[in-house]
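The structure appears below as structure tokens.
A, B, C and D label the chains in the order they appear, each numbered from 1.
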Amino acid sequence: MSQFLQVVLSGLSTGSIYALAAVGFALVWQAAQTVNFAQGEFVMLPAFFALVAIHWFGWPLWAGFAFAMLASLAILGLAFKGLVVQPMMPDGGLPLVIATMAVSILLKESVKTFYGAEAQPFPSPLPDGTLQIGGAVISIRDLFDLLASLAVVGGLTLFLDRTRTGRQMQAAAQSPAVAEILGVDVARMTLYAFLVNAALAAFASFLVSPTYLAKFSNGESLGLVAFIAAIVGGFNRIRGALVGGLLVGVLDNLVATYVTQEYRAALPLVLLIAVILWRPQGLLGDAEGRTV
Amino acid sequence: MSSRRPLALIVAAVLLAVLLILPVGHGSYFIYLLCSWLMFTIAAMGLNLTLGYAGRISLAQASFMGVGAYTTAILTLHGWPWLAAAPVGVLLCFVVGLLLGFPALRVRGHFLAFVTLAFNTLFFLVARNEDWLTGGSYGLSDIPRPRIGPISADGQLAFYYFTLAVSALAILALWGIVRSPWGRAFKALRENEVRAESLGLDTRRITLLAFAIGSAFGGLAGAIEAPLVQYIEPNSFAVGESLKVLLMVVVGGLGDFWGPALGAAMVVLLPEALRGTRYYLIVYALFVIALMVLKPTGLMGIGKTFLARLAKSRAAAATEAKP
Amino acid sequence: MSLSTTGAAAGAPHLSVRGVTKRFGNIVAVDDVSFDVKRGEILGLIGPNGSGKSTLFNCILGQIAPDAGAVEVDGKAVTGRRACDLAKLGVGRTFQQLAVFPGLTVHDNVVFAGQEHEGTLLGRLFGKPDAGLSEEADRLIEFFRLSHVRDRLAGDLSYGQRKLVDAAMAFMSGPGLVLLDEPAGGVNLTMLAELKERLVAYNRERGTTFVVIEHNMDFVMSLCGRVMVLAEGRVIADGPPEAVRADKRVVDSYLGG
Amino acid sequence: MSRRNFLTAAAFAVAAIGLGGAARAADVVKLPCVCELSGAGAVSGTNYRDGAHIAVDEINAAGGILGKKIEMTDYDTQTDPMTSRALIQKVIDDGAYVIIGTVYSGSTAVNMLVAQKAGVPQFTGAEAPDITAKGNPYIFRTSSGAEKGVPALTAYFKDTVKAKKIAISWVNNDFGKGGHDVFLSEMKKAGIQVVADVPSEQGQVDFSADVSKIKQAGADAVFVYLNEEESARILKEAVKQGLKIPMVGEVTLTGQKVIDLAGGAAEGALAHVGLATSAPVPSIQAFAANFKKIYKRDTDHNGIKGYIAVWATKYVTEMIGKFDRKAFADKMHGLTLDVAKYPHMLLTTSWDKTGELSRESFMTEVKGGKQVITGTVPAN
């Protein structure tokens, strides 16, 4: 029983990281109707912005995080949208998908070439301690990851539902033409979606890197899991992405513990195929309404 | 317009002649690169049929190369001749491709992309975990090269000509398919499925066929890869390789018959051209982004625009010269 | 200039619709609609926007499955059959939204429209590239006066030209029954006259039966021998154009609806 | 297709042919370095290359080999066996004297066939058992294979830990599988029961299931055969879940990189290390310090492997007195390079008939955030 609790708790904390990446992925999907194949790298990169600030510029920890957040907003939000997505928006489709794949190669190779190929330890402002919960152990960091993700997703949902800007963003994502007529600045709302995605990616990066270390190739598996989480949960709902992320994290651990280690990576994929074929709107998604 | 056909034939013959002479005097590395270019061209042309012509995305082409390669490797290691083993692999890919086509009847676009991507990853896991069949992560080595009658394709040059012959036949077959009514049906499916169905096209059947045929070409590429590298292991058929083949198709020019050959040439040869710079992957990625942003029709699109401009300026020059 | 139907074989109606009903959620798009179309007849189908005309077409043509009712072509039950099977029974159609293949040439568009009707799948793979239809397609292209754009991509043509291509495709397999969904929409006057003339000629020469959805009243009234009016999913009038034009309910449904 | 398409394709094809040519240099000896500079093996490959370049610079500064300067060009296999094979082919075409690389076993297993066929000696960094088991007379290791390294631990498990039940955590790729298979057969011979056999994915981030399985199985010790960052992750997870049994690895587990990454969690980890940068040998420590001075970072044992590969090439060539690949390979078999006479070998090193290497190795433990040598295992 304590083993069960242990792997479920650990799975929840890992899943919360997936969820953050998945939420951003869903936002970009909504705003630009594109699959961002570089989403994993978006989570990998901000940690290196912080490392550059801390180790190269010699800045303190908080300044490093602030710098990484700003750099992410500028590069993963502004530049990505302005230089890659925006020019291709009218046609979009496959060339855009290919372009995001190239972005993923670009980010990976740049980090490797200009910072290093090896995994890097990453500082955390959080203490190292652990908590005992009914025979299972959870580290304070894991618990914080989980709570922080819940808070972010909750806050984002409130923002989208309760604020004027949030509602405008939803309208712009659902039906750009109608929103335009109603006086919504669709271009601006799309930009907001990309900025929120960049901020979420940076946040996820800060959470994940102390435990999983910073490495140029970290995005490869993370990106795929984020897609799976978003689709399984239902990418037209933010809490769908959250549930999808947690579900994948927990199921992965349960399968590894009780069924098979060799095929642990297979279960999320089978789940993905099943959801796409029988419930393409996702477990929590609506069939018709494309709300964020 | 039938006047085009003899010219096309002449160009094809010249191209073939160039490919026949090309390796002479070059080292075996260059010949090896040519072989892998031909192999990727076949795989990419197959994907182009599914994606470029029929408009159904597949991110699983590497797994079909894997099915073809493993089948060929296992059978030839058991003493089968390549000529018997490769068709089995290709046929198997045809059948598996047919099955993978079923999701395409239900979902489109990004969803289909993810189903096929998931399939590719599942294939990788099976290839790695089922040691008894695939050799697991050690892979299969010492795969024999084909021998047809008394002629052995063991040497680098001999194997090149073997690959060239197989590729030429495969491309000819694909050419036949594309210009037959099937080719028209694939394009009709891509452009407007509902309309195609209302004109009597059984869109389900043609969708499945688009997958099956595209996959079979992937299988053939795999059947060449096994004796080319003489060693196969799961990582050669992972999702990343599928994305590489997709890149070839789109960079070359989606839905253009010769685009994949060009795209494959770029992906295989560019590292050569940029060798020596530490930044070649960065340069490569930037190039692809720029190409997609500025010219989504790919290299063939650039070539066509260029030729069209040339023709126009020539025509303009001709009219100017007249009076 | 009203047209009478050409004398065709008696017996079963060419198209028979019995009690077809289709609901979307709480909305009844098509409500218990029944009618027959005689061979060689030109039936106009009119009604305000949202009255269920296109849904009715889609139910007849197997694009969507009706919740209730039956459709017969030449006395054969075809309810719920797939569109491609109907095409093989000699039912052609055009679409409200433009439905040509923009990436194919006009010639290829028209050849494709005929190629799936004869022979087997494998036969088509190993047969001639044009499936032996090139000349017939050219005749039809000529008939619709499109010869000058034969080798252009359909996507590069003007709207009116594409409408003609669309129509040519519907006739390529020599269908006995053609359902036209707003053929006149967005077509300029010259082109419209041409289209009508072609349809009439087709009807006269081959006895082809037409069902035409159209908003352009002049077009409908001058083309069709019989007009049926749909409002809120129901048939509210059915008869010769003059009678329908005078029907009070029709006037109400357009003005009041 | 239209003729325009044909012409376009033809034009590009002709342009591509232009890339084919290559120039030849004159009075140098070519030691190409074919390594994993990108992809999964980038860390190992980069260290291997950089170590090799230190040796090249030293040798060239001292007059080269038999008076010829070494020319070392780097080739990136992208950790792809097929590419590695092509590149080995290329360097042979370009007149390689001896090939330095590759490091990954999967790649080496393929490309060594090409070098063998052409009769070009090759120094690999690979540690999988089957590399030297195939009777290839041109392949030479630069560190002991897993079939030598893992058995060195058997005595430790049997005599020091007195383990009855043991667990293994290994990375499910060709590297991990090599160690795993040798380990299972060793434990069988030693009569120790393997109670948990836990494979993990390369790049796996969550080791909670792995550790909880090991914990549940009640093992007396666990053998960890993972790459650096996965090693660090499992060490952290073990501390978190309170797994209090010896964690024992081969080569990587006590490396400086793992200590940096795992922090305090690495304390007490044990490993058998064939070539450690912290070995109590002055020449090795001097090399490690020199490496850090040049490249501003620490190297793992792969840096040493690349370094001795190049030096061995010089020593052996000068022994035979000519640039003769066949004679070189023949001389290597059964050769011992004594460090007293050949100081740049760093440790006395011997190669047997199969190209397998043997030399002194060490038992290490992480104490106070440093890798400490706790014992020496003689050459076997």
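Keep this in mind: contacts are C-beta pairs under 8 Å (C-beta built on N, C-alpha and C of every residue); 3 or more make two chains touch, one makes a residue touch a chain.
Note that the structure is a prediction, hence the values are computed from the model and not measured.
Engineer: Please identify which chain has its centre, taken as the mean of its CA atoms, farthest from the centre of chain B.
Structural biologist: Comparing chain centres, C lies farthest from chain B.
Engineer: Out of every possible chain pairing, which has the most C-beta contacts?
Structural biologist: The chain pair with the largest number of C-beta contacts is B-D.
Engineer: Per-chain Cα mean versus the mean over all protein Cα atoms: which chain has them closest together?
Structural biologist: Going by the distance between chain centres and the overall C-alpha centre, it is B.
Engineer: Measuring from the mean C-alpha position of chain B to the mean C-alpha position of chain D, what distance in angstrom results?
Structural biologist: Taking the mean C-alpha position of each chain, the two centres sit 35 Å apart.
Engineer: For chain A and chain C, what's the span in angstrom between their mean Cα positions?
Structural biologist: Each chain reduced to its C-alpha mean, chain A and chain C end up 50 Å apart.
Engineer: What whole-number Å value describes the gap between the mean CA coordinates of chain B and chain C?
Structural biologist: For chain B versus chain C, the centre distance works out to 41 Å.
Engineer: Give me the residue numbers in chain C that touch at least two other chains, ranges are fine.
Structural biologist: Answer for chain C, listing residues that touch two or more other chains: there are none.
Engineer: Can you list every residue of chain B that touches 2 or more other chains, as numbers and ranges?
Structural biologist: Within chain B, the residues that touch at least two other chains are 128-129, 281.
Engineer: Where does chain D touch two or more other chains at once, residue-wise?
Structural biologist: 38, 172
Engineer: Let me know each pair of chains that touch one another.
Structural biologist: Every pair of chains meeting the touch criterion: A-B, A-D, B-C, B-D.
Engineer: What does chain D use to touch chain B in their complex?
Structural biologist: Contact set of chain D toward chain B: 1-14, 16-17, 19-20, 22, 38, 75-76, 80-82, 85-87, 89-90, 92-94, 106, 109-110, 113, 128, 130, 172-174, 176-177.
Engineer: Residue numbers of chain C touching chain B in their complex, please.
Structural biologist: Touching chain B from chain C are residues 61, 63, 82-84, 86-88, 92-93, 95, 99-104, 108, 111-113, 115-117, 121, 124-127, 129-131, 151, 169, 172-173.
Engineer: Can you tell me which positions in chain D touch chain A when the two form their complex?
Structural biologist: Spelled out, the residues of chain D in touch with chain A are 38, 40, 42-43, 46, 172, 198-201, 203-206, 208-210, 212-213, 215-216, 228-229, 232-233, 236, 240-242, 257, 260-261, 263-264, 297.
Engineer: Along chain B, where are the residues that touch chain C in the complex?
Structural biologist: Going by the criterion above, the answer is residues 1, 177, 179-182, 184-185, 187-188, 190-192, 194-203, 205, 255.
Engineer: For chain A, which residues are in contact with chain B within the complex?
Structural biologist: So the residues of chain A touching chain B come out as 35, 37, 83-84, 87-88, 91, 94-99, 101-103, 105-106, 109-110, 113, 224, 227-228, 231, 262-263, 265-266, 269-270, 272-273, 276-277, 280.
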